[in-house]
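Quick one: this structure, given as structure tokens, is what I'll be asking you about.
By written order: A, B, C and D. Residues from 1 in each chain.
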Amino acid sequence: MIRLGIIGAGRIGKVHCESIGRYVKDAVVACVADPFMNDETEKIVRSFGAQKVCKDYREILDDKTIDAVLICSSTDTHAKISIEAIEAGKHVFCEKPVDHDLAKIEQVKKALEGSKLKYQVGFNRRFDHNFEAVRDAISSGRIGHLDVLKICSRDPGAPSVDYIKVSGGIFLDMTIHDFDMVRFLSGDEVESVYAVGGVTVDKAIGEAGDIDTAIVTMKLKGGTLAVIDNCRRATYGYDQRAEAFGALGQVAISNDCKSSAVISDADGVTAEKPLYFFLERYMQAYVKEISEFVRCIREDMPVPVGIEDGLQAVAIGLAAKKSLATGAPVKL
Amino acid sequence: MIRLGIIGAGRIGKVHCESIGRYVKDAVVACVADPFMNDETEKIVRSFGAQKVCKDYREILDDKTIDAVLICSSTDTHAKISIEAIEAGKHVFCEKPVDHDLAKIEQVKKALEGSKLKYQVGFNRRFDHNFEAVRDAISSGRIGHLDVLKICSRDPGAPSVDYIKVSGGIFLDMTIHDFDMVRFLSGDEVESVYAVGGVTVDKAIGEAGDIDTAIVTMKLKGGTLAVIDNCRRATYGYDQRAEAFGALGQVAISNDCKSSAVISDADGVTAEKPLYFFLERYMQAYVKEISEFVRCIREDMPVPVGIEDGLQAVAIGLAAKKSLATGAPVKL
Amino acid sequence: MIRLGIIGAGRIGKVHCESIGRYVKDAVVACVADPFMNDETEKIVRSFGAQKVCKDYREILDDKTIDAVLICSSTDTHAKISIEAIEAGKHVFCEKPVDHDLAKIEQVKKALEGSKLKYQVGFNRRFDHNFEAVRDAISSGRIGHLDVLKICSRDPGAPSVDYIKVSGGIFLDMTIHDFDMVRFLSGDEVESVYAVGGVTVDKAIGEAGDIDTAIVTMKLKGGTLAVIDNCRRATYGYDQRAEAFGALGQVAISNDCKSSAVISDADGVTAEKPLYFFLERYMQAYVKEISEFVRCIREDMPVPVGIEDGLQAVAIGLAAKKSLATGAPVKL
Amino acid sequence: MIRLGIIGAGRIGKVHCESIGRYVKDAVVACVADPFMNDETEKIVRSFGAQKVCKDYREILDDKTIDAVLICSSTDTHAKISIEAIEAGKHVFCEKPVDHDLAKIEQVKKALEGSKLKYQVGFNRRFDHNFEAVRDAISSGRIGHLDVLKICSRDPGAPSVDYIKVSGGIFLDMTIHDFDMVRFLSGDEVESVYAVGGVTVDKAIGEAGDIDTAIVTMKLKGGTLAVIDNCRRATYGYDQRAEAFGALGQVAISNDCKSSAVISDADGVTAEKPLYFFLERYMQAYVKEISEFVRCIREDMPVPVGIEDGLQAVAIGLAAKKSLATGAPVKL
């Protein structure tokens, strides 16, 4: 039985706590730490099977019975806690992004050098059934050499401007998942990035120095062209699609819905909207990523999403940011 | 150049006139006859290329330059005019149904015996791209032995009760197309029929002695089970679908729409309604059936839908009518 | 915490054991009984969290700490064990069908009279997201008066002939789910049934006195026409669809797949096959039906699928059997 | 009756000749000119109703009975013949692109100044039912402010390298349709263009100085972001899709197929491939564009696609070419 400590009991911390308690075999949540831990949060996480709570995450790091930690705190603490956890001998699962600063991610990477500890980054979409099907179609050779990769990723609604301000900007906060998908699906690395964007959802986002709508074009080292389009708001819900086009054909994935029901009436032929947002859409992926993390610890296998993946996605995001600022393509 | 006379300038007569004038090679509408021929109708049919109009269809039968007639008059005149046309040496294209009375159809059949004249019945759906694809999947062996054949056929709205009264009832007026489809798609003959039905669209239809909603189950001689469901009203338009299920798989066809546009918004993911009704849906099939008729005359080939097909569909319709009346299955 | 005993550790018994252990809150599998209990089975059910195993189900009935039993033994034992369990004061969840004999189901019904015990029947499809969407569209009035209800239910492959022989025939074994769906979706009762069928999958099924392909037409009391088509074999997998057509429109559900991936290549545009069979397709429904059963016990609420539902579905199945044998429609 | 002369009897010249002969009301093909006119070509165009043929297009320009010409000759002759035709007082329908050189298009524009002659450019996709549906959804306000416009356009196979060499390159030959679509659908003008591309289909295309796969990103003046992806080869046929995403929702169009047939079997659930190429896909659009041209002449209305549209599309294409060459975005 792998004993896990969860650091940070916000939304994503609770998601992991619940999914571990319910669906992850061979693992138990030994402790949940949060500086704002209170009775309500304690009640929730205990109902999911957490054995203990605390305010200071160092209690988790000091607990010799705990094998691994899930870092679900705010992004600016990820690198620091990662290094402390590694030094405390804990395996680490760190939510994305590892940091907004490549130098700090390099420090984590350095801390891991020579260590046998597992370090997995929370790119949950790699564990999604649809994206896995695209990956399989590409890696199996089913569609031949990958010529064009297209990813469409839109949120149902924008987060608060307060969140936007500390988010690192759309490319490090939202597109980072898509950058990771470009790498995961193609099995290739990005060579250059060109980004255009605008503010069409909410002027306040622009005033906070960010954009809410973007198209990012990339050239990959193996000759693939890739393009991502993002928007912080889609009236019909969470839009998560991809198309991979190659020498032998194309594979495309569409959105998941609550049911397959289609109603035909005087207004048209209407299917359901996509599942609302990431919790609804990727719940099974959250379970699967932690299950894999636990399995890698138990069976001493390499993790499926490592520190290098965490670093590369941020590097592409920073390049996109620079491209947007300069109006020119940026080489990596 | 095949010279055609059109007998009856109602809706379907005009459809044929237009499609011949525009799209049918090697044929010309030499004359259109209608007892109610007036200036307006004349103007319309002449704009489609008709060379002449008259009130009495016998002028067409007497015209030695005319090769063939299209009988588009009311159903009760089909058999009589068919026989007169055959006696006048004209090839005949007769709208469905040939008659409501099997004996009269037999008389037409008899008139044709020993003749080299072509006699085609207006089952236009046989010439539709979707139904042809089902037929091909079955006849090519693609889905293996045909186990179950399902046809769904719904009109956007019910005709007038005055029409209902002379229509011969839903099975001879509406389902007759589907009975022909069962024969065409399966390449088999119906052995027994069981019909259930009700009045859910308009009470006046019930008061006129008819039903507006029906399910007809059939056993075919080769072991296939078939089922048709009909309704005189679908709020979303003309519903024309079929599924054929066999030992190796299934082929299914869905409705055609004006465009493939799908709108996603807060209300759902909405495609267009089906094309409204038979004129929109089957215009190309009307062109194709007459083109084939003309080709069969020119090249002296057997017609694709003959008098026997006209007779069998009516026979099944009458059996369905009897089944509904008696509440018991009826053998053919 | 509700303590459950599972009687019968075959395929479906194990399914319930696993889903309770993993996903059902507030319940625990206290004991699993099976006359053929062995080390291997014990290991499996214990890995799902079962606390105890035994060979004789009476140990479960005698255990005062156990609140409820799940009867997952062979059909011929359902009624007997149901009655014994009721007499022992246990709530009962009984797999479908309760029995092949209406008289025996009546005995269970009688045993329940005046009791406050819950008795739920295992019609799992009532808890499926797609069928629930159809039910909602009908019961909410979204599609208006229900005129036509169509259910298509095909298995990926036929069971063994040994199983067929004790199955009660296709109508009591397979179609029974669809009969229940007709009742559940329509909220109405069946008035008359007409069944046609044949043997197209495997001659041995015919030699065992059963059929493998069927179409059943029904009239419901409220004027709805319903039709079910079944086959024991579909090369493309488990086919589970329904269409409900009403005065205001239609709702249709299609199959669920492993992913939404569509591959376009020289062979066509190809989506995935449906999920293979009931375990893959209805796993969430199995979890939900037991969760509801447990909730009804805890909160003393009426069960969502009661003994009357179990009885009616068998009654329709027997009527279909009689219709097939006599070739005539049968009134209920 | 509008009398038309067709200059150039290659593939597209024949397409127009056939569609006018069959489907375009109030117009007749008075003459077809082609320097390589021979018996075979004459036979074909006469079968479509052409009244005369000649080798020298100046015969058409000199014929006072001819109202308008369709310029279907090679691109390098378009501007010259356009100007001569205008000087001869003929209305002009000119195939795309008007020229590869903006200066020459400006000369045509100048020749038209002060003239009442109609000059229409052959951007046939503007007359396609699917693209019209996208346009309607945008211009009606149905999807709100247009934030992102995506066009996917892939040919089934690459043309010969000889053709590639004189084609002006992918952006002026193939993408030019998509550039026009960006303008048509958005109702907006392009502000800047960034193009990436590669050679993945055929090395010989690269050796000829062209690319075969491209992604072009654009910023429009009204704040819309647009992206086009092209490839000269798709194994599944002609891929012609678009998505427009706005503040209120999205409209998307997919490919048209020969039939709606879907076959489910052990290999999956397979729909037909898209219609093979532009002749199959856009035949109705060809008819409609010429019908509109004829109508504009008859009713003295402004043409739906004028010389300015012809010029702008080429301007964007040249900008894309420059962007590809320089690796930097280009302002218009």
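The rule we apply is simple: a residue touches a chain if its C-beta (ideal position, glycine included) is under 8 Å from a C-beta of that chain, and two chains touch if they have at least 3 such contacts.
Being a predicted model, the structure only gives us computed values, none of them experimental.
Looking at the partners of chain B and chain C together, the chains they share are A, D. Of the two interfaces, A-B and A-D, the higher number of touching C-beta pairs belongs to A-D. Ranked by separation of Cα centres from chain C, the top chain is D.
Chain centres here are Cα averages; for chain A and chain B they lie 58 Å apart. The distance from the centre of chain B to the centre of chain D, with each centre set as the mean of the Cα atoms, comes to 39 Å. Averaged Cα coordinates give chain A a centre that lies 42 Å from the centre of chain D. Annotation for chain A: residues touching 2 or more other chains are 234-236, 239, 248-250, 263-266, 272. The touch graph of the protein chains shown is complete. Chain B makes touch with chain D in their complex at residues 22-23, 129-130, 132-134, 137, 142-143, 248-256, 258-266, 272.
Residues of chain D that touch chain C in their complex: 234-236, 239, 263-274. In the complex of the two chains, the chain A residues touching chain D come out as 145, 147-148, 150, 152, 154, 194, 196-198, 200-201, 213-215, 217, 219, 223, 225, 227, 229, 231, 233-236, 239, 245, 247-250, 327-329.
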